[in-house]
């Protein structure tokens, strides 16, 4: 597998969010700032990576009929681990991400990759797949978070970009702004993907 | 499903996975339980440090105490200096009837009954309007005020407090909250004297 | 006069333009050649029964109906069959025509008609069977525009009880005055025709619906009908499309023909006045359907009029007769401006259903720059069928017809009211017709 | 009684699952292309979510809390929900085939609908009692259904509009959802 | 091609009643003049500035889009002007220029052009912009210049006063003042009477029908009356609700927008009822003092459903 | 140790109850279904994300098996998965020669002039509502592009009044065929080079009047063909693709250029 190609693919063409429209709930809910976006993205990446590895390890052991419940248990385990460790180390971030940490369990990307990829591929490939898919996910969360933070709070990664006294477009940190920004980002990412595809 | 796996195998694999998963989690929980508990307290304590920051060195307990008055209840931390004297209180009250309902407010009060600082713990006020109560411009007017030297109402209602622009209701709730804290202080102060 | 009736929902009031209303019916001559379309009706195409170089007599069968829902075609004059070929017909279709070289070109058609003997008809001796058979043989079709074979309409299945007959003299389209003139000039003959129809449906009341913008026709028909029992003239408030079968039934009897249904489903049969006159001529002159009255009008016609012509007469003959400048004609309409069809050849022949020929120059044509739909709802409010035109048309445009639209779009009577009122200048009727076409293609 | 009514209003409008809580967005965008499908999905979610809310409440109150193993919440809930959904599917297929054809096909989709797990956890966090939990789950599902059905009809309507090529498909759906979320903001503060 | 001699072929009909999009749009503009006049008189040049700027911004934006993206757009068809004026009527007269610009961008781009332009949008563009601004810039959007005073004094709208001060505070407001527009508010919120005069013209031209305004205003009246009857100490009178806020502007001009309202009469009645119901709900219980824009925007989303399930009565579907 | 083992046993208990419950239920409430649905579902990712537009993987599997088509790809799975499914169901199993859509008309503006100034909706089906043909020839390609709109592969375009097909891009899906109101489009194997580019069934004189390159039914091609591959019916020459060797005799014999040789001439020795 060509790693560079795989990376470009999972960042653009097959990006979980902008390409496949998966995992929208955390994408929209936790991207009020770029930092939150990265936090959520990395948490998801960890779960994706670990569950991909474990599922790949167990792929010959798990009977076909219970594979979905079994995968869910594996995923839920890692999610809970992430949940507890974040609470122990990154308390503030955990508080803002809140409910959406346990909800990583039902993020379709994870189960989808476990099913579609890890259950059929070697551990190393599954690891890479989990890593890149996760980073692709993190990437789009970061972009969305940046857009919303800059427009809605006038700051980026917590650094104030415009004077305090200026108005910011509050709606972008609220629910409607999340949908609107993602709508426009989808278009931008589509354009980028097409550029890369032509570049090949 | 090309091959029919036996029911026993299917069930036992799942049960085994579940067993190991839960065991693993229990282990992780054992490790993280302590830090999590510490973190949860840390947040409130951080707030205490902020509202009482002008008092210099002081000590205060890990957990707040409860105080019930007739109309409402409050929680408070008592700050003592090295010699064990009470130098101030950090009182957590519910500010009543905000725009998005009640919100939790921590008020730091020195031993003379003057407001030191305020800290909003959690709220559902409108972004851009009500949540401006966290800003310094609004907060600073409360410093140094006590139950006696102030008419505790917004100017529109005949009091001394400048309301936030277009957020009268939030300002009212905030003002009432601070007043509550001062009332609690009076009670605590009385009790301490006895 | 009673309070004027009309249909309640929708409809429009386009400018009347009945400039030929006072022009009496004139008669043309036999043209140099006739092109008789083989298919002038709805239903299966008739089979040509003559060959090149055959000599045919006036009234002789040229094409034989190929089934029940089909119609005979006869030679309107004596002459010789030159050839049978495909040619442009009025209204854009291309179909088979029988070219006839008349024996006596230039002879006044009035003289031809006067040679037909007036027979005396004993109504009591005619049986219903015989009446239907003779109408079928005579190739009578609905002359209002659709061209549905009349004998089929007159043979409702026994379970459909007919309790009213409506004679359609509404003529709601602008410009057209052919039926109007017939009613003014031949009221007695129309009544004779009605009495023949009454033999088929004894005891059933007959209503003649005429719009109030034709007071002379109302007057003449009223007088002629006064002597008869069970024939009533119903004055109607002028509104387009009152001449539509379903709208006329609603206006006269307040009955609603169900969606996808026929007038006979509510116990009614509707016949056009011109058709009734043609039926009358079958019995009183033993003459099949050979000619019809055509209104010639439009901005390029100096002296608009109504002319009786043998079927198969080419448009070019009429243009010469009415002194119409070929160079200036850009728009030739067969029928009225609301439902008529554009034509593209001056050599096309008139058929049994050609009620008017309108000649216009470029100015009459509206440059239709289609703008986006505003959903103003004008089209919906004028639709006499209560269709959600705007919504269906958007679906047709995107080829996303849903089941609901598919169910109703077929009810469109293509009256054109929606297009007429659309502020965004959209070709709504054309889209609706396209929608119907798509549905038919899918089935 | 008024309490319960407030919970419903809050769950349907004020804290709408989609527009305020951001739960269940994948099926929201996935299944909203056709109105019929959206209606079926809504019904199925209402049924399953109410059931799941109830059962997870029982699991939490009678198993996890007494044994002091709250950290197993996520894993226990998802296990319960997944099996519950599958059980309902199997039983429904046999017992009520007509109902299965109408709703059952949506059941697998529901397992990974984060609204189910999310609402179950929220109900526990809000410290509702059993009745309140049921009402809350039902109301939330109703809010999901309302949002889904409106949105599906809007998307069907968009199919017949002249959307610029760039915006066709998901981008315009996102923007429409954004505007709908703007409208839902109007309900804020209705329940304090 | 020598198309000159060829006959024109097209589908019937060939006549036209002579209505056009431009005629409709400019009639709406015309009908808004009385209300604009009142607000110019009340707020002075500040109001003129707001109206002119939003109209210019809206038309200019459409012209830009027409130039760079979609040449089919007719930016002078009056629709952008109507959007601009309606947006202005939803804004305070002291709105800064950047607020007007952002509002125009949201209205024309997010509200209209991303959906494909005129006639394609699901939601009323002016309202999308208004709600967007209200949520984004609550400070600017909730402090209103006081009419007749040109010194920059700001105050709350009657509904705003009701929300913050309670029923007692609005007792001193006279109904006549409310109806004539002598109260604080946005440009178009102030004079119900002038709006009615303008709308009468649209009724006369048949560009709007009675269903939506009547059921909208009626529903608000009935619901507020019920609560007033239950507890007049807590809830304001229905007459107050009728004449305060943007109810008339919303019911006569925003909800009746052809593009974003249902087509059949029955559907319009339900649409109006929904608008009225949610307006009353938000006014009585919500945290925003005014619910008209939210309610209409919310009901806009129901239009496809209403069109589908409450269509025009079909001929032949009796019995 | 207990605090680690206890949760393990409890969760194992959960798993045991649910797994055996499901196992029993699936036995007790067993319903027969096409086993291939299960097989297809097993190949699908099972994420049940709904991204394909169907309500979950099983619904997609049912669609694939019941409607026997792989028209809806799974957005999550690798493309190979859909190929595997197609293999499983024996779809596209038989390898056929590539087919391309072909227009049986050469009625460009020069060859068959416009007969009218058509101003209606620019769509072939809309035009045939107004007139059977907008050109002199009643059988001509209208050139309004209904097929172009229908084509999903951007393989068609209108040039000089008739549709031109890009045989490279054409996939032979045949969707355009039903979108031609004049029935002028057919699929032909790419190796078939000789085509009669006319569909006019009128007699010779009329056909010639309508179009310069019309087939006039003169029978010359039928006479010249050594393989009995071309025959005239209804005054129109037709080619039997099975018998045609692309020898080109008929092309040379045709007096009106109504028979055409596409691309390089390929001789097939019999």
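For reference, chains read A, B, C, D, E and F in written order, and residue numbers begin at 1 within each chain.
Criterion: contacts are C-beta pairs under 8 Å (C-beta built on N, C-alpha and C of every residue); 3 or more make two chains touch, one makes a residue touch a chain.
Being a predicted model, the structure only gives us computed values, none of them experimental.
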Query: Among all the other chains, which ones are in touch with both subunit A and subunit D?
result: B, E, F
Chain separated most widely from subunit A, comparing mean CA positions: C
- request: Determine which of the two chain pairs, C-E or D-F, is joined by the larger number of C-beta pairs in contact.
  value: C-E
Field: Centre-of-Cα separation between subunit F and subunit C, whole angstrom
entry: 42
Task: Let me have the rounded angstrom distance from the C-alpha centre of subunit B over to the C-alpha centre of subunit F, please.
output: 69
Field: Inter-centroid spacing, subunit F versus subunit E (mean Cα positions, whole Å)
entry: 50
Message: By the touch rule stated above, which residues of subunit B touch at least two different other chains?
response: 1, 10-11, 14, 17-18, 21-22, 25-26, 29, 99-100, 126, 128
Sites on subunit C at which at least two other chains make contact: 92, 330, 341-342, 344-345, 365, 368, 372, 391, 427, 430, 433
Field: Residues of subunit D whose C-beta touches two or more other chains
entry: 26, 30, 69, 71-72, 75, 79, 82-83, 111-112, 156, 161-162, 167, 171-172, 175, 178-179, 182, 184-185, 188-189
Task: Identify every two-chain combination in which the chains touch.
output: A-B, A-D, A-E, A-F, B-D, B-E, B-F, C-D, C-E, C-F, D-E, D-F, E-F
- prompt: Where on subunit E does subunit C make contact in their complex?
  reply: 6-17, 19-21, 23-24, 74, 77, 116-120, 207, 258-259, 261, 263-264, 307-308, 311-319
Task: Write out the stretch or stretches of subunit D touching subunit F in their complex.
output: 26-27, 30-31, 33, 37, 40-41, 63, 67, 69, 72, 75-76, 79-80, 82-83, 86-87, 90-91, 93-95, 97, 105-109, 111-112
Task: Would you tell me which residues of subunit A are touching subunit F in their complex?
output: 20-22, 64, 66-69, 73, 108, 111-112, 115-116
Query: Okay, in this complex, where on subunit E does subunit D touch?
result: 69-70, 110-111, 113-117, 120-123, 128, 131-132, 135, 278, 281-282, 285-288, 291, 293-295, 297-298, 300-305, 307-308
- line: In the complex, the residues of subunit C that touch subunit F are 85-86, 88, 92-94, 330, 341-342, 344-345, 365, 368, 427, 430-431, 433-434, 437-438, 441
